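These are the structures in question, set out in turn.
In the two complexes that follow, chain A is the common piece, with chain B as its partner first and chain C second.
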Partner chain A sequence: MLPKAEFVHWWFATGFLIIGLLLLAEALVGGEVWRRRAWRAYLWPSFLFLMGVLMWPVMVFYTNSTIHMLAHGSWAQAMMLAGAAELGLARGKLHSPYWSLTTAGAFLVSAAAILLHEQNGWLYARAAFLHHAIGWTFVIGAAFPLARAFRPGAAVVRTGFALIFVVTSVFLFSDRDTAPIFGHLSPLAGAQHR
Partner chain B sequence: MESHFATEAVAQLRRRSLRAAAVNLIGPLTMLAGVAWAFLQPYRLTVLHPHGQGFWWLLSEPPLYVVLVGLGFALFLAPSLLEDLEEVEDAPEG
Partner chain C sequence: MRRLAVVALVALAFPATAFAHANLDSTSPTYRQRLHAPVREVVLRFDQAVQAEPNAIEVRSEFGKILSGAARAHGPTVRVPLKHLPRGAYTVRWHVLSEDGHVVSGVFTFGVGVKAPPPTEAYGASGPTTTEHVVRWAYFLSLALLLGGLGFRLLLGGEELPAAAERRFFLVAGAGVVATLEVGILAFMLRAEDALQLPFGRLLYGDLSSIAGGTRFGEAFIAMTLGYALVAAFVFLAWLTDRRFLLWPALVLGLGFASGLSLSGHSAVDAGSSWRSELADWAHLSAAALWIGGLIGLLVLWRSLPVLSRVAGLVVCVPRFSNVAFFSVVFLLASGVGATVIHMPILAALWETSYGKTILVKIGLLAAAMLLGAVNLLRSKPRLVAAPDADAGRPAAALLRRTISGETLLLAAAVFAAALLSSLAPPAAALAKEGSALAKVGPGPVGTVVHQGPYTLRVLVHPNKAVVPNSFALALTKNGKPVRRADVTLSLSMLDMQMANQELQLTETRPGIYARPAPALVMVGHWGLEFNVTPKGGTPFTALVVDHATG
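And then the complex of A and B:
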């Protein structure tokens, strides 16, 4: 009855891709052009907030273990906090660029959650590999939102920030329920899918 | 003096053209990535072989999602963004 975990990963991958492309476009045209229409400034923070909200049903329905529940719950909170702070900055209710640090915090919370709730090694199966890859991508990628709080206009920082979302979406789209990774699949993982 | 202004104008136009071209390309390139993925892994599109597939399998078509994201970007975001980009860059400085 419930959709498989891989379907949920693909839906979130679509969300990450949307956010990534919006941030990439913002990096290309610059903040001044991007904010000329108010609705545009709200787009990616709204998607981030919405993804945080949608993480709650994931927490409720995909409670494989306590650690899964804690991981999904902490993601939901971190994404909602980061989305809300970015919405506040876009609306002008928040002024300090240091509010962007909440996004760096969300990256680190997400990284910790995804790395800690994956109990298997890198080459156990594709899903395990992707959990490790996404976790470390977010650990390294947290440098971009961190730098964004201090150098919000820097093109390199904005582009890097956008590309982290695009790369994460590629990783999430690559997920399969039980599939090999670089030819490896642990016999303990179960029967291989397509 | 005149040639200096002309050189600056050409350089500005080139910069703008590059930025505009990049914004214009985001949507089509994303769609192209989705189509290429569909050709490389056609089994990920269950609509091509729907017999015996359940609801969730038929709803989940990742390459189509990528194409739709690119299409949405090209149709709903890029036109207004390019319009604003031109307006800002055409506005007299100061």
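And then the complex of A and C:
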């Protein structure tokens, strides 16, 4: 009945990729050009907010363990909150640039959830490796939204912020043993369990 | 650096031999399956190989008797042989070791010849705790904050509010929807913790799918979580775009999804429940939420308006809110009286059962709140409207603030009583028959003689203690001679709360003596023991005895 977990990971990877590419485009052309069409400013925060809303079904339907349910719930809330704060800033409803720190907080909360819910070591398995990689990418990547609050125009900050999403999407696309991006698969790996 | 890149690529390119901990793919029997014949084994299939201790799967009868043998694992499959399963409900508790070293646990139920109870009522689950009462209370208050807050803002229609007041309304509604989501998750976890009977550390790896997908409570959790996430999105969009009409879908969805509580609570699952009891419960909940949340909205408005324009603001919104509050109270009373009539088999149950006593406390608190509401309606509102200027209206406004604060506190206490009520099972319908009992017996061993027509019945219950096995016997005589080869069944009804009846077929062990041992008195309290006797060639009759079983 439920789609396989890897499919859901790829859907969210697609969302992160779109956000990353939008942010990268903004970083490349510069904020002034990007905002010549006012609606463009809402694009990536809207995607983030929508992904947060769409994470709730993942939370309530994948209940094969409490820790997964809680992790999915925290991502849903983190993405909705960060998306909401960024939309508020884009719309002018929120004025303080420090609202950007919400995104940094969302990165850290997401990282904590992903690292805590994967309790195996880095090299235990591919999935474990990816979980650690995504978690630490978000921990380190939180520096970029943090810097955005103080230096919103800096090209390095904008590019780094965009690349965090792109890298995360690549990790998510690689997740699970049937991920197409790395092809399929050595017989040395043992029997597939899915 | 190059080495790190190689490790990364290898780890990404090679498949995982195991993804984290094991997930349960299927079971036999399935969750809550009603079997027509007993099965010889229980089988669990996981998505990866697991290890199982001999006691990895424990199958218990509804009385706690273990009927499973030693479990064995073969790759991803774990089996446990069963002894002969008589007709009844069974609880399966399982714990296996994943390849990653985590112990994964779960619980589910099935029935042989009977409907299986939900896993939240599995053997070993202890029912709602004090923490759960508090969490339910918090849930009701969150709903009131959300629904009442939205209702109050919509009630003001197109009135432009000062920016601070507008911001506070969105903060109140936002806090309400976030709290509804968070407290909902907490309530679900507490229920799961009780069903699985696991400490928190192990609950983290507990399989919740049997509770989420196999119970009305779980289905309500899914629907309400998704519904209120959507409500959160509407509230946010209304704030972001300054389009207040978006609050309408938020309110409609919020009220609609609040029905999840009515569709999964006692109003839906207890004997005698119907769409009427569900509708009454939902109307009751919605009316209460609009009333309490509206009062909070009024207080928020009071605090947000500048001192000089408070009276003018109240003159606009108090008359409108008074109308809504009046209709909410009418709905609250009508639905409350309706629900009480549905749930109370006899009037005396109101003061004889804990369910009835809680209703009385709730009625008392609501009556006090309504008294304050009447003061607002009959004194504060006319004075405010009639005040020629702000200065003249100030005393009425001050009275209003005091009464509204008191009303809100009383209603919050009434909501706590409602939270308690939603955890308590209503009294049994069998209570209505209590008046026709031939005798009241217990506590302690029973050996009472009663008469029914030409028959003399000696009722024996030993040791007449709850939870432990008891011996139930009936010595049946007519004109001093034992009545042989009669058909005797004993129906046991819990009189203190709603619970499924149990039926025992008594067998003739000696001439005229019909007996059967059974751990049927599953809890302390008053039990209706109804002997249904069909003498051979005679007219059937029943004899009811009310028994008090202690621990």
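Everything that follows uses one rule, which is that the second predicted complex is superposed on the first by the 178 of 194 C-alpha atoms of A that agree within 3 Å, B and C clash if a C-alpha of one lies under 4 Å from a C-alpha of the other, contacts with A are read in each partner's own complex, and residues count from 1 in each chain.
As a convention for this text, contacts are C-beta pairs under 8 Å (C-beta built on N, C-alpha and C of every residue); 3 or more make two chains touch, one makes a residue touch a chain.
Keep in mind that what you see is a predicted model, and the values were worked out from it rather than measured.
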By the touch definition at the top of the document, which applies to A:Pro57: first (chain B), second (chain C), both, or neither? second
Would you check which partner chain A:Thr66 touches, where first means chain B only, second means chain C only, and both and neither mean what they say? second
Regarding the shared-chain residue A:Val29, is it in contact with chain B (first), chain C (second), both, or neither? first
Figure out whether A:Arg126 sits in contact with chain B (first) or chain C (second), or with both, or with neither. second
Give one of first, second, both or neither to describe whether A:Arg37 is in contact with chain B, with chain C, with both, or with none. first
Partner touching more residues of chain A, whether chain B or chain C: C
Please report the chain A residues shared by its interface with chain B and its interface with chain C. 194
For chain C, which residues are in contact with chain A within the complex? 7-8, 11-21, 23-24, 47-48, 76, 100, 102, 104, 181, 185, 189, 192, 203-209, 211-213, 221-222, 225-226, 229-230, 232-233, 236, 239-241
Inside the complex, what are the residues of chain A that reach chain C? 49, 53, 56-57, 59-61, 63-67, 69-70, 73, 76-77, 80, 84, 87-88, 91, 93, 118-120, 122-130, 133, 174, 176-178, 182-186, 188-194
Which residues of chain B touch chain A once you look at their complex with the stated criterion? 19, 22-23, 26, 30, 43, 56, 59-60, 62, 65-66, 69, 72-73, 77-78, 80-81, 84-85, 87-88
If we count contacts the way the header does, which residues on chain A are in touch with chain B in the complex? 3-4, 6-7, 10-11, 13-14, 17-18, 21-22, 24-25, 28-29, 32-34, 36-37, 40, 43, 173, 194
